[in-house]
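Following: one structure in structure tokens, then a few remarks.
Labels A, B, C and D are assigned to the chains in the order they are written; within every chain, residues are numbered from 1.
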Amino acid sequence: MEHLLQFYAIYGSVINFIGINALLALSLNVTLSAGMLSLGNAAFAAVGGYTAGILSLRFGFPYVASLAGGTCAAGLVGLVIGLPVLRLKGVFLAMATLAFGEVVRLAAVNLDVTGGAEGLTGIPNVTTTWMIYLVLAAAAYFIAMLRRSRLGWGLVSMREDETAASSLGIPVTYYKAVAFVIGAMLAGLAGGMYAHLNYLITPRDYGFFIAVDLLIYNIVGGTNIWYGPILGAALLTALPEVLRGAGVTAGPIRMGINGLILLLVILFLPNGLASLFARRRSSAVKAGA
Amino acid sequence: MDLLLQQLINGLFIGSVYGLFAVGYTLVFGVLDMLNLAHAAIFTLGGLIALWLVETAGVSLWLAFPMACVAAGLLGLLLNQVAFAPLRKRSDSQFSGLISSIAMAIIFEAAALGLFGARSVRFPVGTVPTHTWQIAGITITLLQVGIVCVAASLMVILTLFIGRTRTGKAIRAVGENERAATLLGINVNGIIAFTFFVSSALGGAAGILFGLYFNNLTPDMGRSIELKGLAVIILGGMGSIPGAILGGLAFGLSEVLTVAITGTSNLRDAVAFAVLFAILLIRPSGLLGRGKTREA
Amino acid sequence: MKLVGRALMGVVIGIFLLSAVATTAFSASFKMGFVFSMTGGAAVYGASQKEGASLAVDQINAAAGSGLKIIPIFEDDASVPQQGTNVFNKLINGNKVSIIIGPTLSNTAKITDPIAQKAGVPVLAISNTISGITEIGDYIFRDSLTENVVIPHTVKVAKEKLKLKKVAILYGNDDAMTKATYEVFKKVLKSSGIQILGEQTFAKGDRDFSPQLTQIKAQNPDAIICGALAEEASGIISQARQLGIPKTVRIIGGNGFNSPGLIKNAGAAAEGVIVGAAWNISSTAPLNVKFVNDYTKKYKHAPDQFAAQAFAGVHIAYQAAKASNGGSDRKALRDAMAKIKNLDTVLGRFSFTEGRDANHIGVVQEIRDGKFVVLGN
Amino acid sequence: MNRLLVENVSRHFGGVQALEDVSFIVEPGTIHGLIGPNGAGKTTLINILSGLLSPSSGRMNYRNHDLHRLAAHQVAAIGIARTFQNIRLFPHMSCLENVQAGQHVTSRRSLLPRLFHLPSARREDRDLCERAMAMLARVGLDDKVSYQSRNLSYGERRRLEIARALSLNPSLLLLDEPVAGMRQGEAMVVADLLRSLCREGMTILLIEHNMSFVMSLCSRITVLDFGRVLTTGTPAEVRACREVIEAYLGTTGEPHA
């Protein structure tokens, strides 16, 4: 027990960040599972984070109300952005959401209400580890169940073949918008929790490279199953600390290892690390049968 | 008036560097339909290799320039071999190629950081002649003129090469339809590798010119141009070489004109990306895009 | 093969045991944690800081004999606040350090320092210059002069010497430090009756400043006030001269300009640049001369202000540790820190203010013949 | 009105006239063939009927719905299912999942009961799974339930696609070359399947190049050539029609199909 407490004292913040990053990765997974590559989820997290932070800080909203406000604001922005951009496909959708993300970041830099480059300071520090993991568990469960619902079947079908999906009665455009908004809301929730985890959020917490990181978490972990993004986020968030523990402190080497892991996964595990587990399970099933 | 003219010259200059960077970007996209996000890292390495050749190996710039371009091209071949070729047959190759190129970008940047350190490095004084013209209140440097000329001639050569030569035609054929190209007896893998070579060599050239002019090379200098390069190829139309050149100029001009018109630079990047967003909504194929519908 | 493996294992275990014995044998030592940005955007500063701090630690330990020694633990926060948080938790709870020196970036400090405050671990900031750092709590100290101290002084001296009437401002608006520089400048310029002709901004990582400088040139200011880090500053300076902004239009910078890299990178264009600083390399105080010599000998390049502040920081913390009976008690160490008075450092004679900020005299320097020289005090 | 009514449908792509004034009627409960040389516009017509393309002019009506006003998913929702000439299965899904994906309009699969693990959700899932299994059995793929669809043979994929279309519970089935690439025996199995579906009251419109298959199966046939209807009639009438023979044999006497 004492060891556990000691471990938490040292690595508590890492554990928190793993949870937040996993939640963000899950938010992206909703759209990815429908075959839409969005680079806008960091921006939705920004909308949620700043809204929740401002609600707490300037208007004295209670924590849960601030989070709800941030989540809804992100969902609303997701709807407004989603409707026009969703007719774009593949790389073009990625670019449009990327441009949107940059505009949001630059807005945060230039507006007064967001505190500019110095960021929004003094946000009450109320998010705790159990809250993060409770929300993460709920989100993972939600996504796992979503997969089995009509919407979930529709989204996966769309990723496989949009034309065929529409011929099966799946309202592709509508479902895309719904997935986009759900993803935006989850990202907004994660952003709001993150804002209340530190004392400060800055525009740099939500830039292009964060959006790319979310994509990487999904790819490394695997997009096909709910625990894939969580696995990816956990591994890559903990990696710097693991390497630090192993004595690898030199910056370039750590960075190189990061890149190498990503490369190896994409080359040899196209369905991510999660496929290792899935493969074992299915072979167990075969052995049993 | 002087002010506006000077700004236009500024825009023309930076736009031609963007264009040269984006040409390589768009070339790979045109052939493979894949985004190569490691292009910015090769841009950086191109500049750093040239610097190393000039400073440490003592090679004159006239020799170092082509040597560094070739080195960047070879990095492109490596990139193709490691990150793209193994994925080509996969059904989600467009997507996985994006990711593997990000992985290579991280590895390249780590290599640059390890080899050259985090501090910014610069070409030794006197690497290029410095001369400045003052014409009616407008300032132009010899280096600027040189860079615009080099960028323009590289782009002209490339356009002629793609349009006129056998290999260029083969590149276009592969871009149009890989299977048909194979049936025509084109060595598709060879052509793709060659495209990576040319694209990366051009990216390296852009990196050298960028490094020479701003004379401030860091391992992460590709990052700031990466997003702009993406914007440029969207603006010009994915896969279109004249589009990338035009898009580069348009993007460079939009940056300086935002500053010139609003009198402040707060909105410079925001305007550029808002324009990009609008273009995607109104005309996703870009200014000179082929409008080819890419159906799944 | 097996034998070799076992022998190797034996050696490893032996070294491990020896080192364990070694650390327990010299009980007269304390752990000092360093959180610097050794990779990422602020790696340039982190590199200098690490060099300055290592030099100080090595010299102190070599001179200590059987006296109090420092066990340094260097960690990299990769210029990312998240990793800064992780590193702080590790140093405080894992390594159980007595004091933390760093982090490099003010933004990271705003997130990490409350952690140390809560845990009761003293922090000595050596490069955070924005306001609101030491206000986090009574365990937070800093030896870097804030922009609030340096800039008014700079403006006063510059106004006297150059008869400034109207200036243009150029600053990075997406970085906390450069933005803070800008805000302080703006306030001070207004209160000293200098007209601001216009404000231009740039973003981190920009290389091309000619559109902004072209606008500034057209406004014909007496001087350009610049809030930029050294990376961008050298580009701004050389491009300003290239665009034909005459040398009589001085460029005046904030803390970010304090780097020999600026002179190296901007070359002749850097002549005449004015910058307020906490430390001047050409100061002839013996302590400083020795520091500059030792540093240059060890690292083959001259130190900058960041290295000097790191070097001084280690000495300040070491003095406090000595005064607090070995530095292993964090609370006692904090109290001893607060009592530091008139300590001779490379930054000059050093004391903390009531608010635990640096209280020493800054200098206004200009670049002349490729060197930072004192313009006025 | 359960008839499928196609009236003066035209469609051009740029300057190319793919369909011109196409009109015919498909009677309910029959198997209707659509034949013609390559490029006659058959697939275009199916794409227009299923809502993937909109006609340049003309109207189509089925069960009082104006098809030309509906999007593809709405066409599916009123009970019109289709297969594709170039087989568009979901490659990374198993056979069972492919068929289950086709249950979109015939299932509820609400999210809420699933979130709360209500028995109703489990019952529905079990029920849908059983129905999908039955559908696979019907097309003879019950031994390939968990195979990924991309690992099936060509003929098996065609049959799986039909099973997927059938799980929409359609009243009108549009089949684009359902037996192309199949061996004779396999084609006969499909023919039997289609006949039994027809007996159960389903209307089927199919494109096929295999003449003996079409002639033996269809009660009426529409012949397209260069986007125009040459004739509509019983197999015997069509076989006797001079224009059809000319279209197929061409003036040079070269067979197209």
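Note that a residue touches a chain if its C-beta (ideal position, glycine included) is under 8 Å from a C-beta of that chain, and two chains touch if they have at least 3 such contacts.
Small disclaimer: the values here were computed from a predicted structure and weren't measured.
Trainee: Which chain has its C-alpha centre closest to the mean of all protein C-alpha atoms shown?
Mentor: A
Trainee: Approximately how many whole Å separate the CA-defined centres of chain C and chain D?
Mentor: About 73 Å separates the centre of chain C from that of chain D.
Trainee: Roughly how far is chain B from chain C, centre to centre by C-alpha average, rounded to an integer in Å?
Mentor: Distance between chain centres, rounded to whole Å: 36 Å.
Trainee: Report, in whole Å, the distance between the mean C-alpha point of chain A and the mean C-alpha point of chain D.
Mentor: Those two chain centres are 41 Å apart.
Trainee: Of all the residues in chain B, which ones touch at least 2 other chains?
Mentor: Answer for chain B, listing residues that touch two or more other chains: 113, 118, 223, 266, 269.
Trainee: Two or more other chains in contact with one residue: find those residues in chain C.
Mentor: Only 38-39, 43, 173 qualify.
Trainee: Which chain D residues reach two or more other chains?
Mentor: Counting only residues that touch two or more other chains, chain D contributes 91.
Trainee: Which two-chain combinations touch?
Mentor: Listed in label order, the chain pairs in contact are A-B, A-C, A-D, B-C.
Trainee: If you look only at chain A, which of its residues touch chain C in the complex?
Mentor: On the chain A side, the touching residues are 6, 9-14, 17, 109-110, 116-119, 121, 125, 198-200, 202-205, 240-241, 244, 249, 251-252, 254-255.
Trainee: How about chain A: which of its residues touch chain D in the complex?
Mentor: 141-142, 145-146, 148-151, 153-154, 156-157, 160-161, 163-172
Trainee: Which residues of chain B touch chain C in their complex?
Mentor: 2-3, 6-7, 10-11, 13-14, 113, 117-120, 122, 125, 132, 134, 139, 141, 210, 214-216, 218, 220-221, 223-224, 255-256, 259-260, 263-266, 268-269
Trainee: What does chain C use to touch chain B in their complex?
Mentor: Contacts found on chain C: 38-39, 41, 43-44, 46-47, 173, 198-203, 205-208, 210-212, 214-215, 217-218, 231, 234-235, 238, 242-244, 261, 264-265, 267.
Trainee: Which residues of chain C touch chain A in their complex?
Mentor: Listed in rising order, the residues are 38-40, 43, 74-76, 78, 81-83, 85-90, 92-94, 107, 110-111, 114-115, 130, 132, 172-176, 178-180.
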